[in-house]
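Same chain, two partners: chain A is paired with chain B first, then with chain C.
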Partner chain A sequence: MSTPSSDVLPLLTRPSRFAPLWANWWIPVAIGLLILLAPWIEGGTPYAGVHWDKFWARITMLIGINLTLAVSLQLINGIAGQFSLGHAGFMAVGAYMGGYAVTAHGAAAPTDGDAVPWMNPGGALLFVLAVLLVTAVSGLIAYGLYRAVRLLARLHPKGPVAFMWLLLAWLALDVMLKTKGVGGVGGGPASNPLGAINLLGLTIKTIGASFTFLLDHSSPLAALLTNSIPASLRKPSTLIVSLLGGGTAAAIIGFVVGLPTLRLRGDYLAIATLGVSELIRTAITNSEPLGRATGFSVSTFAVEADASDGTLATYYFPWVYGVALLTILIVWRIQHSPKGRALQCLREDEIASSAVGIDVTGHKVMAFVIGAFLAGLGGSLFAHYDGYMNPKQFDMQRSIELVVMVTLGGLGSVPGTIIACLLLTLLQPTLQTSEQWMPHWMPHWTLSITSFANQYRLVIYAMLLILAMLARSRGWLNFRSRGQATLAGTT
Partner chain B sequence: MPDWLQNLIQTLILGLSTGAIYALIAVGYTMVYGVLRLINFAHGDVYMVGAMTAYFVGTSQFNVFASPWYASVLLIIAVGLTLAFFGLKAAKAPAVLIEVVRALLIGAAAMIFGGLMSKLLTVSGITPWAKIGVALIAAMVICGSLGFIIELLAYRPLRKSPRINSLITAIGVSMLLMYGGQAVFGATPRSFPAPIMADPFLFKAGGISIGKIDALIIGVTFTLMLTLRHIVLNTRTGMALRAVSFRFDTAALMGINIDRIISFTFVLGSVLAAAAGVLIALMYPSVNPLMGLMMGLKAFVAAVLGGIGNIAGAVLGAILLGITEALVVTYIDGGSQWRDGVAFAILVAILLLKPSGLLGGKTVEKV
Partner chain C sequence: MSLLDVDNISIRFGGLRALGDFSFKLEPGDLVGLIGPNGAGKTTAFNLVTGVYSPNEGTIRLAGEEIGGLGMAAINRLGIARTFQNIRLFGPMSVLDNVAVSIERCDSDGPFRHARCLIRSVARTTGFFSARSQTVDRAMHLLETLNLAHHARRPAASLPYGDQRRLEIARALATKPRVLCLDEPAAGMNPQEKMALTELIRGIREKFDVAIWLIEHDMKLVMNLCQRLTVLDHGQIIATGTPKEIQQNPKVIEAYLGEGAVH
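Presenting the complex of A and B:
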């Protein structure tokens, strides 16, 4: 008797129950590590002789943010077996969305006394809602166009192509005539005989205008919302609004990208996500309110102006690690839920999975959107990391670093990702500060080795990645037994 | 001739020469994808190595033979590797060992060749055009060897493993070339010595001018494409290549040496990418180790636009992409900043509307 795929059956037949407690030994270990680390960061030197200064406090924060990002990427790349190369793009969406919400609308300057509170969660909320509504409406329009094209295909096989050409020709004409005029005669609406049908511009204007009333952070509605929240809760609720806003925006973009590409073969997703993340970066670089290439200062309250080492951490630390733990929890629970089993099933063999009735595209899109949402959360936290960000921080290199973490940690293994994330994030600052911690009795050339390794860190990553795939394709840090969820079987 | 027509024609010429360079790279992507169903991320970086080689050979700085000392060491290594290769083969050593030695041997041979070409250019009385020709050949040889080595060491061992593993390896190789290139060459862009010409225009009439470099790019690309067409359609190897890309397993059953054909595909693609590297360095005279990333992505978009796996489609897609970019840059305010975005917008649109590309047929995945 032949079975469809020997790898899929055990996944399907195993009852979906909670994993045994000891199987998740790493959760208490992680929590213990956090507890051990916490007093160090709270300021001062609780452990004798160790000066845990601002530098290392910042690195600890970075570890937390990277944990969120890497584990959410693990959901897409490892558990669902897709290959996203644009995680930095979702992170950028979250960071700029969250950062902008806080800066432009969440932190209104006090005018007279306490009449207008400094923290303005209502304004931030309205801004987030406005942006999400605009995105949703334009998404609906795009979806409508898509459906129209599909419908045309049913009416006539050449329909979609003809429609596309018409649309393209009209757009090209529109843009050319509108912006530069013909042959250097001079642009502007005056010389544009077709200005009346500038539908694209009209649509954008209409959508924009209909939601501008939401954008006023000192409007009565915003004030009402803000005043209904107790003063002590205004700061955290502004942060929550910006986090959720960033996450949702990233999730929407993930949905828009994922829906068409996840129907196709996996490698298209890699290119499409890479492309979209570059597109997002280009958009930010060209956007005046987001500070173009020079960068954007977030009026952050996680790092206060006169903060000593302590206040930096005490406010920011729980947020960063709270989100990281939440992410780990979500991904872990998804992995062991029926949906997660379906995901791992289609990772092993898509055709066999669809044969047993799993909605392949639906599950992939679900994993992708959740991953994007969590990446957006991580990004919103990253906005407060420096209080400053620029598009260069979200380039391909960051995506690749995350991919390296996920891959070295083992595709499909959350604990492995956590360890890899810790090690790799610590690697750079450790190598950078080698002159401080290297004992005097060590020979001098050890320092040259560390500085060399620091300089060519990315070359080493690349080698590790290739060697991992050639020698130990389930990741260096994947300690699972072979019986569990192997990556074999897909061709 | 009215002004706007002049503008348009000039833009189209610019788009055509950019598109020609995209085409040279895109063909490599599409051929490898056709044979292995693998996106060879490292392909863009092979193109970078081509440009770098051309820079170092063209300026006679390919320091393999800087001193008799270096030269003799390199020759001894090459001879030693040759002996080791045949010795290991005779002794029936493990295949991994033989392949590593073979890769090293080919690498050393390519380095020696590059050094010789670089030395050749120090001879006085060489015209700039001859220099370009020599640099082109050296870059092609070195990149061809590089493509062979990459396939042999990184992709061949993974041919039977899941596709995601090959994809990750491809990204690793790409990173290795990019950041390794940064370590070797330094991160600063180098300005490529463009040939000094008394009259940079080949043709100038009625307000339309065609630069000599543009003409060279289009001419070289056209020649290479005709050669490629000949190889793929009229030779036995080409027929084998088509057979392998049509049905992998059946081709093997028909007695085709799959390994050889795949290596050949990689070498062919890399040689074309090297040519693209040299040509782009003539057009925009600046080379840096990260230049392959964006170019490779755009060439891939071109390949998808035309229908991945289809060589004619890749050329068509590349030219369309080049022309679209030129139009956007010329006719949209601030368009030059959106130049890189155009390719990705096209990619998303094509994946949404016609994932099989303009010339690609519908494929049905069989169980």
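Presenting the complex of A and C:
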């Protein structure tokens, strides 16, 4: 074999002369964010003198949270091409996990008499660990069942059906034993003829015991953990625990849900993910500790006496935009890496992908899990900033909004998603407040147009989506030329 | 022990037995053809060996290792690569990327390979950059060998037909196969392109140390190129042998030209 000709290789390994201006767009973004974050990093109260307008403070935070959510959805919907309508579900998992960990277990310190909120990162951490333990164990059990069924299907085509019947028979036998007072599944007297099944009961009991131990946020272990953290760092560390807990819980749910559903394609996958997100929402709506349909107030910084919306925004601004930047960085770098190229192959042709040895389901699940993790982070931040949890906030409408952002931004284009996210999140408040900002010299009918547009905002969303599909199926804000070599050194 | 040992495999689709009692052996460095009329089951045989379908009966061994029933990706990783009758390239991706994905897949082996690769990519370690430049080098070598280097940055779908066929071969070779299955590589080519393809396939066998198994309708090309031939009709093997033997086999002539042609 000869060496590559000299006129080709340098072209491929150095940044292209024709690299678009926005190829290194993240550098100015990172510098800007560093400047914004600098006072916070130095310590003290950042932006203490800055006056935050209540309304726009809220919108600024919403943009940051939406950036996290939309860019993480871009990884699933755009880059991997797996059309998911269930992102709000992952967001809900993250939000409830993060919110509840802080509210129920991270608010009051075990040793502080005056019970300053936000001071018990140890308690929050133990709670997160407890929930993750239970989720992981149930996930493992579900995965084991799934592998067993797959193995049975390989051994004999009728295997899974026989397995189901056996399971049903076992359950029926158990009910019969229970009604006769002999015992049954999950422990019972030693006379239980199905003695081996006690193993299951023992497992459940062990998990339950460790669960109740971990749930005790005034336990010595929690106190030890909390007291090992300096008082000034307890607030941020509680937030970090809540963020990571929310993200990990969402990732685990993403894995458990992704394995079976990602075998589906196209419309079927969209319907399955929609079903999963509704399932999560319904489960939350019916859960007593999570406040059912009315929800609960998240015990955040907001409950401190002097917290107004302005100081709240001051505290959360670096967190929200830090997570957004992290998400953008992770998704962008994954896209321009071997795994990203493999995901792009899946989007183009699954059969050809497996013919070159790409593990189709594995890569889909990977994209799903990472997307869910990042959505969980966004959800947890949402819980903290919003301060009030309600299942209605995570309905299908929210998923659709995110899908519109991703689609308008261009499937596979991260910069496009960022711009679409900014525009669409700003659209509603801008239209709403048109009476305030519209100059007086503008003709009267401009106000009628903006108020009409405000009223029919959702209709306009849908029309934009249809127009985008008809006119530019790769997105209105997608600047990338079709054949640009992703290996050509622009990253 | 043969490199590829297919022993009595069969597959049924509902009531139709698409392939029955198909046995076949491939030694290292072989160049063997599979021919037969339309609908004879040639592509089905390919699909069984490359893992698109699992056989109902029989065993498939690659260097002694049973591979029947494994998935396509797993079989590819064990060393069988293929091309498709209807070209299946990653159309909007560049020619370079089409080859690079196959190379990058080979690079990541061992425990936790997905996690390690992800962390390397997100952290952009030096390993990431050296792996990337190695990938580009190897992909360009391969494209040079197959005379595609000047197209490297173009979208695969924009290539001329013959180049697309060659790119598919390049992509299959990038997975470092021990067996290369070519499904009608000359379909839609003009006589000059077919001549070039014959030379290319011979060259590939020498340079890449790979056994080649190919389906082809062009008899001239097959007789020219292959050492041995297998003839399929209605899902059954009707003849095996050297091209000369096959040309004179009355059963084969009957299968192609119909009954009463042998007179």
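Definition applied: the second predicted complex is superposed on the first by the 360 of 491 C-alpha atoms of A that agree within 3 Å, B and C clash if a C-alpha of one lies under 4 Å from a C-alpha of the other, contacts with A are read in each partner's own complex, and residues count from 1 in each chain.
Going forward, a contact is a pair of C-beta atoms (placed from the backbone, for glycine too) under 8 Å apart; a residue touches a chain by one contact, two chains touch by 3 or more.
Owing to the predicted nature of the structure, the values given are computational and were not obtained by experimental measurement.
In the superposed three-chain model, the partner touching more residues of chain A is B, compared with the other of chain B and chain C.
Once the two complexes are overlaid on the shared chain, A:448 sits clear of chain B and of chain C alike. Of the two partner chains, chain C is the only one touched by A:337; chain B is not.
Within the superposed three-chain model, A:297 lies out of touch with both chain B and chain C [touch as defined at top]. When both complexes are overlaid on chain A, the residue A:351 reaches chain B and chain C alike. Of the two partner chains placed by superposition, only chain C is touched by A:154; chain B is not. Applying the stated contact rule after C-alpha superposition, one finds that A:360 touches chain C and leaves chain B untouched. Touching of chain A by both chain B and chain C, each in its own complex, is seen for residues 351, 487-488. Of all the residues in chain B, the ones that touch chain A in their complex are 2-5, 7, 37-39, 154, 157-158, 160-169, 171-173, 175-176, 178-180, 183, 293-294, 297, 300-301, 304, 327, 331-334, 337-338, 340-341, 343-345, 347-348, 351-355, 365, 367. In the complex of the two chains, the chain A residues touching chain B come out as 77, 81, 83, 85, 146, 149, 160, 164, 172, 175-176, 179-180, 182-184, 257, 260-261, 263-264, 266-268, 270-272, 274-276, 278-279, 282-283, 285-286, 351, 396, 400, 403, 407, 411, 455-456, 458-459, 461-463, 465-466, 469-470, 473, 487-491.
The part of chain C that touches chain A in the complex is made up of residues 50, 52, 69, 71-73, 76-77, 81-82, 84, 88-94, 96-97, 100-102, 104-108, 114, 117-118, 120-122, 124, 128, 131-133, 135-137, 139-141, 143-145, 149-150, 152-155, 158, 171-172, 174-175, 207.
Of all residues in chain A, only 1-5, 8-9, 11-13, 154, 329-330, 333-334, 337-342, 344-345, 348-349, 351-360, 362, 366, 370, 482-488 touch chain C in the complex they form.
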